[in-house]
């Protein structure tokens, strides 16, 4: 309501306010993240990372002298609490960041549009949002499921071109289903001779995969894909490892970067690991960078763990916001931008966090490169790290603006592979 | 030419574990003739009432009400045909007052459905107050039944059954729990009311004074069988009865 | 479906059934004796798993052999039973035995909510995985499929031992007979000098230990993370309702039905695997309202 | 106890008992919320929607039964609305509400026919089983139900007009308030009527009920369907307010939460259902805002305190405050 009043007042004073906006005492930001529930494996580290980065940003003078203050909203407290809280915080905040869960993004993106508050979708992967509707206030500061899955297919085809059979074990919810839709469609187009021998969608949070693993052992596919994450991925990989399923089958685990540390020695060498974007705590292009090292060190000292992709995604959202404010201040030559100026700055914004530079497309979708690698137990860490790392340019992994992902993929053919650009690194 | 009996049972048999609670029981109850059932504990008196009202199904034998076979029917359907029952342990709605218990009974009888008319304002309220007065409980009308004495609860239990306007009323020890000084008075009122409403009654009773004064006929139960049947005068003077039943009552 | 697959699914089903049986056993014991359905049972299960993982990790870090994980499971289970189960009965449940069923259920629901957050405060949100016990026993290969000895042999054996042990305990020991007497008729038991309060406390602790043991035994095979208790409690409800509340042997049969049903579903129709426990429960109750082994109580009038 | 409470409520009108006056004041205060405290509008809207569902649970509680699966009807109704809007974009709000209520009523009859055979724990468990089956189906049949992410319930039109968010929310708020007042009033009358009184005898003596010539199962079914419809209306409102329906609507914790609120408000009390929902929602939202890590713990402690120290719930405390002893109600 305050916002409503503020906008009304703004409209009344339009001729004036178009020129100047007072510098606020602080820049209030609302961020939804999982503090409870299974997805808090992403949410809690992301909050820790955000706190470190915001502290550093404010020590360096904030954004044009304005310090940033982030209010966190728990995505795990249920839909009612989440939307009520989002609105309460949005009434005060200039920028919102929501959310981790694709389901929550689907709820909150239209809400942010209605409330007319700029919202950065900082971690959710669903490609549907921008393909199904146009948004003025909503931006995504990282890639989406389509880019992530396309890069995974490419890496698999490049590193293991001869496989004949594949099975999938995904969590039974939108991400598990959608990611398989994208992956399987791309595979059918790019390598039509592959046979899909098993499709399993065990319940989200299933504690036991014994029956699935027995059946997979009987089927013995060349490749097993699992886009699961968190405790589910850990359980599945551990149980598969225990029972020797990982000896003869290559696992493709597009989210395993976030489980490396917990899996420890249970993730043997030779399996494909993804990072949902262009980030990794030993990023081959960034690891010698001073800021990168400083952040990794501070994060590890604070939390005792390595930063995972959700931490980098939080960093990207923060960096995107900072860049947009700075761009708006710069372009309009003002002390502080109006909302319109800020929104304009987000268009075609380019920013860089802890990977390669990211740009926002016309449809507000982020274009981010994708990093994948193969697990190796090198001995330097008590857990698997990556070798044979490849980084794929983001633009080629996304359908053209306005096109539906699945339609685009179905229209591809083998010639698509010829134009793919990537850089390889040994480790 | 004889009219069909009000209630008739043919060869009712049932066993619980090793005990035969009913052993080929054939009883005929004619309209207007109040029947008292006496017999030692465990003789199968309550079981007989349970079978007649469909609560328990006999392993063999049949129950006819007004000439129709009601053996397979559940209690509610037998009740709908005109058989009401009062219980040895009063079966009342313990969160309701005495009057409300009766109003609920009247509501059930009339099939009242209007969701907007409070039960306390139904047309049968006066009729139910009269019933309460008849059983001497008018002063307890607005008290929750849990606060009342056992005797009062028994009487309200009977009133609840009477409120259904049955043609046959089965009473299981109607005066147990009623103060002995009041027993006869209560029974007199009850029998008079039943006569006025043309309700035939069957009552299980231990008080031989009540039996001799209020029953038209007496049946003696023993180990699941009807041992004897006749007028109170005949039966109560029978040496076996004096030995098996009355003797036990005195002891 | 050929014989091999039939057998493979059978093995998976039995090992899964063994685990849910152990958890359901505690739940049904508590219900049988105290007539309380303990919603917090799931939390005790989760805490048993957490405690085992933490203790094992700690002892391994001190350089002890992985085989120590087994005694630590028992230690964790007993800790859960005594330190959590005891106070729950003593401080909370004891006050509400005379209250309506719904309040008793809600008290345990409140405890469930509290314990869910306590778990998170103590152990955080990151999943734990501590598979030393599993690794210590190694693998066996049957029909070309590798199983862990832990799941294929140990879990079913433990379940069987608990089933027989509890049976013998209840029927052939003095304490067991006291518990049964209190179950049958609390007032009569008290009138002959049985301290029902103590019996209830003891039963609840035993039930809680079984929940903790279920968690301890599950801990090497699965990720331990927030919310695992909420899933387990519904599953064990389904088991004990299918069996008939308070039926110990029945719980074993029901757990087997649900475990096998689920593992065959994975082979035949994976999409319905999650539905299986509830479908079995509804179908069984449709045919036998009191559960497989429950006996209908008749009301005396 | 609850009966006499209802009866005194009824008999006291049209006289002005403190309870009647306070209820009227509370409704007036709610009417004024969008004008005076707009920041509370959404929260109260959600609480009212939830309160309707809690009222459904309350009705069942009056028969002495506890359902741990009433979120089923809450969810079925919300999904019915969402499917309708997906199939017929821009469908009218009234239609969405009707579809929801119809869905809840039909499923109430179907599930009811089965569960009314059971009592006590089994009744609660079977309801739970049905809600979990529905939950599994929602999660499993992703291509129809959207799986765990649910489906969007895009804003329906209002009497043919497509409204913006704030106008729509205002309409929804007053609709919720009207439904609360209407359903609350109806439920109070129904409970005091012969049909409602017969329903409540299930709690105390089914044997006698059978011997009054009625089928306890059928009597229970009538109240069960009423409770399903109430839950359904709550679910429809919740779905439209949220703009999305997810399987979480049916998850067992939500069913338990409804029972929780019913007891919190005062088990069996009609007004208590709404007061409980308002207080619960406040505590929950502020706890999750200011103690994000332990909101569940705080709610649990809150529940324990209520059960152990104020088993009559908030309405019990309220009665004590205005000096009315429930048992003395009719004697006075």
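Going in written order, the chains are labelled A, B, C and D, and every chain counts its residues from 1.
Following the convention adopted for this analysis, a contact is a pair of C-beta atoms (placed from the backbone, for glycine too) under 8 Å apart; a residue touches a chain by one contact, two chains touch by 3 or more.
Keep in mind that what you see is a predicted model, and the values were worked out from it rather than measured.
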Completion exercise
Ordered by label, the neighbours common to chain A and chain C are D
Exercise for the section: Can you figure out the chain closest to the middle, judged by Cα centres? Expected result: D
Practice task
Starting from the Cα centroid of chain D, hunt down the chain whose centroid lies farthest away.
Solution key: B
Handout entry: Distance from chain B to chain A - Cα centre to Cα centre, in angstrom
Key = 77
Fill in the blank from the handout: Here the gap between chain B and chain D, centre to centre from mean Cα coordinates and rounded to Å, is 43
Problem - Between chain A and chain D, centroid-to-centroid distance (C-alpha), Å - result: 39
Exercise for the section: Could you tell me the distance, in whole angstrom, between the mean C-alpha positions of chain B and chain C? Expected result: 50
Exercise for the section: Spell out, as numbers or ranges, the residues of chain A touching 2 or more other chains. Expected result: 35-36, 172, 201, 203
Practice task
Pull out every residue in chain C that's touching 2 or more other chains.
Solution key: 120, 271, 274, 301
Handout entry: Where chain D touches two or more other chains at once, by residue number
Key = 136, 139-140, 207, 293, 295-296
Fill in the blank from the handout: As the complex stands, chain A meets chain D at residues 1-2, 4, 35-36, 72-74, 77-81, 83-85, 87-88, 91, 101-103, 106-107, 110-111, 114-115, 126, 172-174, 177, 201, 203-204
Fill in the blank from the handout: Touching chain A in the complex, chain C uses residues 4-5, 8-9, 11-13, 15-16, 19, 120, 124-127, 129, 131, 134-135, 139, 143-148, 151, 218, 221-228, 231-232, 262-263, 266-267, 270-271, 273-274
Completion exercise
Residue positions on chain C within touch of chain D in the complex are 31, 37, 39, 92, 95-96, 99-103, 105-107, 109-114, 116-118, 120-121, 230, 234, 237-238, 241, 245, 271-272, 274-275, 278-279, 281-282, 285-286, 289-291, 299, 301
Completion exercise
Residue positions on chain D within touch of chain A in the complex are 38-39, 42-43, 46, 50, 136, 139-140, 142-143, 146-150, 152, 164-166, 238, 242-244, 246, 248, 281, 284-285, 288-289, 292-293, 295-296
Handout entry: chain A - residues contacting chain C, complex
Key = 35-38, 40-41, 43-44, 172, 199-203, 205, 207-208, 210-212, 214-215, 217-218, 230-232, 234-235, 238-239, 242-245, 262-264, 266, 305
